[in-house]
Amino acid sequence: MEHLAVWIAALLTLGIISFLYKDNAWYKLSEAIFVGISAGYWFVVLFWDNVHGKFWTGVFPPEQYDAAGNVITEAPDYMLWVGAALGILMLMRLIPKIGWISRWPLAFIVGSTSGLYLINYFSSNMMRQVQGTIMPLFGMWPTDPTTGETVFQALPTYDIVGNVVILVGVFSGLVYFFFSKEHRGVFGATAKVGIFFLMVTFGASFGYTVMSRMSLLIGRVDFLFGTWLGLIK
Amino acid sequence: MRCRQPGHTPLLLLALILLFVSTDVCVAQSEPDPAGSLMADTARVTVAPPTSVIVTDHKYDNGDALELSWVPSIDDRIPGGKVVRYQVYRSVNEGEYLPIQELLPGSNFFLDESLHRDSVYSYYVTAYSRNDSAMSVATAPVSPQREWLHVDRAWLFVIALIISLAVFYFIRAARKGEDLFIRKIAGLEAVDEAIGRATEMGRPILYIPGILDMDDVQTLAAITILGRVARTVADYEIQVRMPVSRSLVMTAARETIKTAYQTAGRPDSYSDDMVQYVTDEQFGYVAAVDGIMVREKPATVFLLGAFFAESLILAETGNSINAIQIAGTARPAQLPFFIAACDFTLIGEELFAASAYLSGEPKQLGSLKGQDVGKFIAMVVIIIGVIAATLAQAWEVPFMQQVYDALTFVFSTQ
Amino acid sequence: MRREVPLAITFFVGTLLIISVFLPPAEGLGEDFTVFFDIIAVFAFFLGGGNLVRVHLTKLSRRKEDWPYSIVTLLGFALMLVVGLFKLGNPGGIAASPTTDGSYFQSIFDSVLLPLGATMYSLLAFFVASASYRAFRAKNREATILLVAAFIILLGRTPFGMALTGFIPEQFDLFQVPNLAVWIMNFPNLAGQRAIMIGIGLGVVSMSLRLILGIERTYLGGDER
């Protein structure tokens, strides 16, 4: 059985890789299998996790007993019926005459996503990043834990230059994103510095992930030549 | 007169000394010898109890948590201490004390959650050695309190309110007819041209709204931009292909495109088949989209929304069919791939501004200016903060330390 | 009416959730609404799955291009539904998780979905190479900066980096590639990331406000044009 599984995996692997050469029947077959089986997989998982796991057991909680044999079943969560009601409204889309009511759960979701993440993104992306950028450039007066005295500690040149670079980078990056002014003159020059920093950021991400992408390929090659064909041990 | 006999006091003294010495000797003899005795392992290892056990209300919650803190036992020195664990005991409504949490040596804090506001709780903490224990004094009964406001998030509220008010102000200004300047964003200026190209070549447009669901802000951005693009597409009467990875996105997209066609006066040209659900599986979806790209060869590809590693696969495949590609995402890790492979990329904030920009409506553009106010606040605060921090830390300029502390406090987040 | 009610729903729900961040008694709302979303998403899946089946059945019945593959897709879908919903071959029976090791469901996942996903993922290695090659040939300044930074970070993570610049004396050891890579990651890269993130934070606030206030309403039914 395992042998069959390895063969199936190998043939599907080669089918996908063949796409790099050009679209062909083998790829189309692998793609069709991928789509069908994965769609079914996720439906089953979502059904058991959400419909059964969250909704059904929330509304009709299973009986539970503690060590002494007393009933400690959780109370049913009637709020979940709201979710079910909205879900049923969504299905009304199938009936043309009242299909418009499916906009209600859609509106609910849009409002929900917008409301949930507004403060969240503002706090973590704006406030926290601003706070992190406020720092002394040249030195610190840390308190010595044993004596309680504060002694001036100059930052090494490496850190001073680095902190100045961060300051210039964040400032010019924000200038680049400014919508209300044309990128001309001094403003434009600062925006150019900003895009320079952004390109360095993108290049760093790019370079950072290249190695991990290569290792993914090595993994597949190892499977094909090692596990399947047995050529590599 | 007769004299006292001189010999009594010394004798008494001698007797007392002998008594002390003999007691010492007796005690020394009765103490078991720790080195050689077989009974050494079962000797009681006594410990001192934890002290100063204090219970306080956990702040800014709905009255369901209490904080317990104590001074660890004086015998708890790591390493080599006698304490092997602590056990927290709790009594609910003056009932029996039950153990609720075991903690490692060195612990001095415990957060008790999932409590009830109407009940009273008291605690004690016990320090355990290998074979002995010592209880602390129990705390007085206490109920958790509910706080109505998250006072520690007050500054977050204030700053968010300032920026929101700026957005409202500019929206109102726009309504009154004030001219609001917004600079050109290359990727968005190219949208009309990209759609025009598809019309000329008689080939469809492919719109990919990312791979996450409607509970992600980037997907919302993609759907709102779709509304604008669909309007132009409806006017030009070109084909739209929109394979999606989530069923809810399919429903929202259909709704959006359908009404765009209705508004354009072409309701009959709309078909539900423009938007098709593929699969929730990330790479299954990508395999299918790649297939669509190479078989139907769209002239224009929009890659807008939340993407993960598959961003490069989609962008490169689009490149291989010589499609014009406009991409945008707020995931910094995927932006480099779009920049490298696509003709135009909307970087982060530009994705969220796109729909407003494309609408051209003054009200929508007003919100973009509100964003600029936020950026301006950020820039000003950073500059002032860095100057204050540097002056305070390097040259101990008076008052600057307070400015630095105030700014860091205001922008700290919970 | 048809447009007003949804807009009112969006406004009410959005405002409620924003306020709940600042009111401890309402803190549970966020979680509740996330569960509602999950439930709605599953109901929506009936629409999506139904669409999948309909599209492929249509392709099949009308003998459209590539129609044989639609049979494969439909069979795969049906197979997983039957095997998963009835938990066939599941060692734990009907009460266990569908993804229990040894169940037919999990076995198909392991032998089909895992290798397919891993292979698609591994295609990135080729695409990274082709993207880099094209960026290398690009003539503009921005692409050059991106490529140089990428190159330094890449080399910095391999032994070649040290080998190439190991000759640089200690006073200038910042210019040794691995050290330079670390410096780039910690300073200019961090600056750029922060600028992007601040922008995103503000962009989300702006878009969310537009949606909640009903200024942005394309998803519901067009605008006032």
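In this document, chain identifiers A, B and C correspond to the written order of the chains, with residue numbering beginning at 1 in each.
Operating definition for what follows: a residue touches a chain if its C-beta (ideal position, glycine included) is under 8 Å from a C-beta of that chain, and two chains touch if they have at least 3 such contacts.
Computed from a predicted model, the values in this text were never measured in an experiment.
Number of steps on the shortest path from subunit B to subunit C, with steps defined by chain touch: 1.
Chain centres computed from CA atoms place B at the largest separation from subunit A.
When the C-beta pairs in contact are tallied for A-C and for A-B, the bigger tally goes to A-C. Think of the whole protein's Cα atoms as having one middle point; the chain whose own Cα middle lies nearest to it is A. Centre-to-centre, using mean CA coordinates, subunit B is 18 Å away from subunit C.
As a whole-number value, the distance joining the C-alpha centres of subunit A and subunit C reads 6 Å. The distance from the centre of subunit A to the centre of subunit B, with each centre set as the mean of the Cα atoms, comes to 13 Å.
Subunit B has residues 160, 163, 214-215, 217, 220, 248, 251-252, 255, 278-279, 281, 283-284, 287, 295, 332, 335-337, 339-340, 347-350, 353, 368, 371, 374-375, 378 in contact with two or more other chains. The set of subunit A residues that touch two or more partner chains comprises 16, 19, 28, 30-31, 34-35, 38-39, 41, 46, 90, 93, 103, 106, 109-110, 112, 114, 116-119, 121-122, 124, 126-127, 130, 133, 167, 170, 174, 177, 198, 201-203, 205-206, 209. Of all residues in subunit C, those touching 2 or more other chains are 21, 34, 37, 40-41, 44-47, 49, 52, 66, 113, 116, 120-121, 123-124, 128, 132, 143, 146, 150, 193, 196-202, 204-205, 207-209, 211, 219-221, listed in ascending order. Within the complex formed with subunit A, the residues of subunit C that make contact are 2, 5-7, 9-18, 21, 30, 32-47, 49, 52, 66, 69-70, 72-81, 84-85, 97-99, 105, 107-116, 118-126, 128, 132, 142-143, 145-154, 156-158, 174, 181, 183-202, 204-205, 207-209, 211-212, 219-221.
Residues of subunit C that touch subunit B in their complex: 21-25, 27-28, 34, 37, 40-41, 44-49, 51-52, 55, 66, 113, 116-117, 120-121, 123-124, 127-128, 130-132, 134-135, 143, 146, 150, 193, 196-211, 215-216, 218-223, 225. Considering their complex, residues 16, 19, 22-23, 27-28, 30-31, 34-35, 38-39, 41-42, 46, 90, 93, 102-103, 106, 109-110, 112-114, 116-119, 121-124, 126-128, 130-131, 133-141, 152, 154, 167, 170-171, 174-175, 177-183, 198, 201-203, 205-206, 209 of subunit A touch subunit B. Against subunit A, in their complex, subunit B makes its touches with residues 156, 159-160, 163, 180-183, 185, 214-217, 220, 248, 251-252, 255, 278-281, 283-284, 287-288, 290-291, 294-295, 332-333, 335-337, 339-340, 347-350, 353, 368-369, 371-372, 374-375, 378-379, 381-383, 385-386, 389-390, 392-394, 396, 404, 407-408, 411-413. For subunit B in complex with subunit C, the touching residues are 60-62, 146-150, 153, 157, 160, 163-164, 167, 171, 213-215, 217, 220-221, 223-224, 226-228, 246-248, 250-252, 255-256, 259-260, 262-263, 273, 276-279, 281-284, 286-287, 295, 309-310, 312-313, 315-316, 319, 330, 332, 335-337, 339-341, 347-353, 355-356, 359, 361, 363-364, 367-368, 370-371, 374-375, 378.
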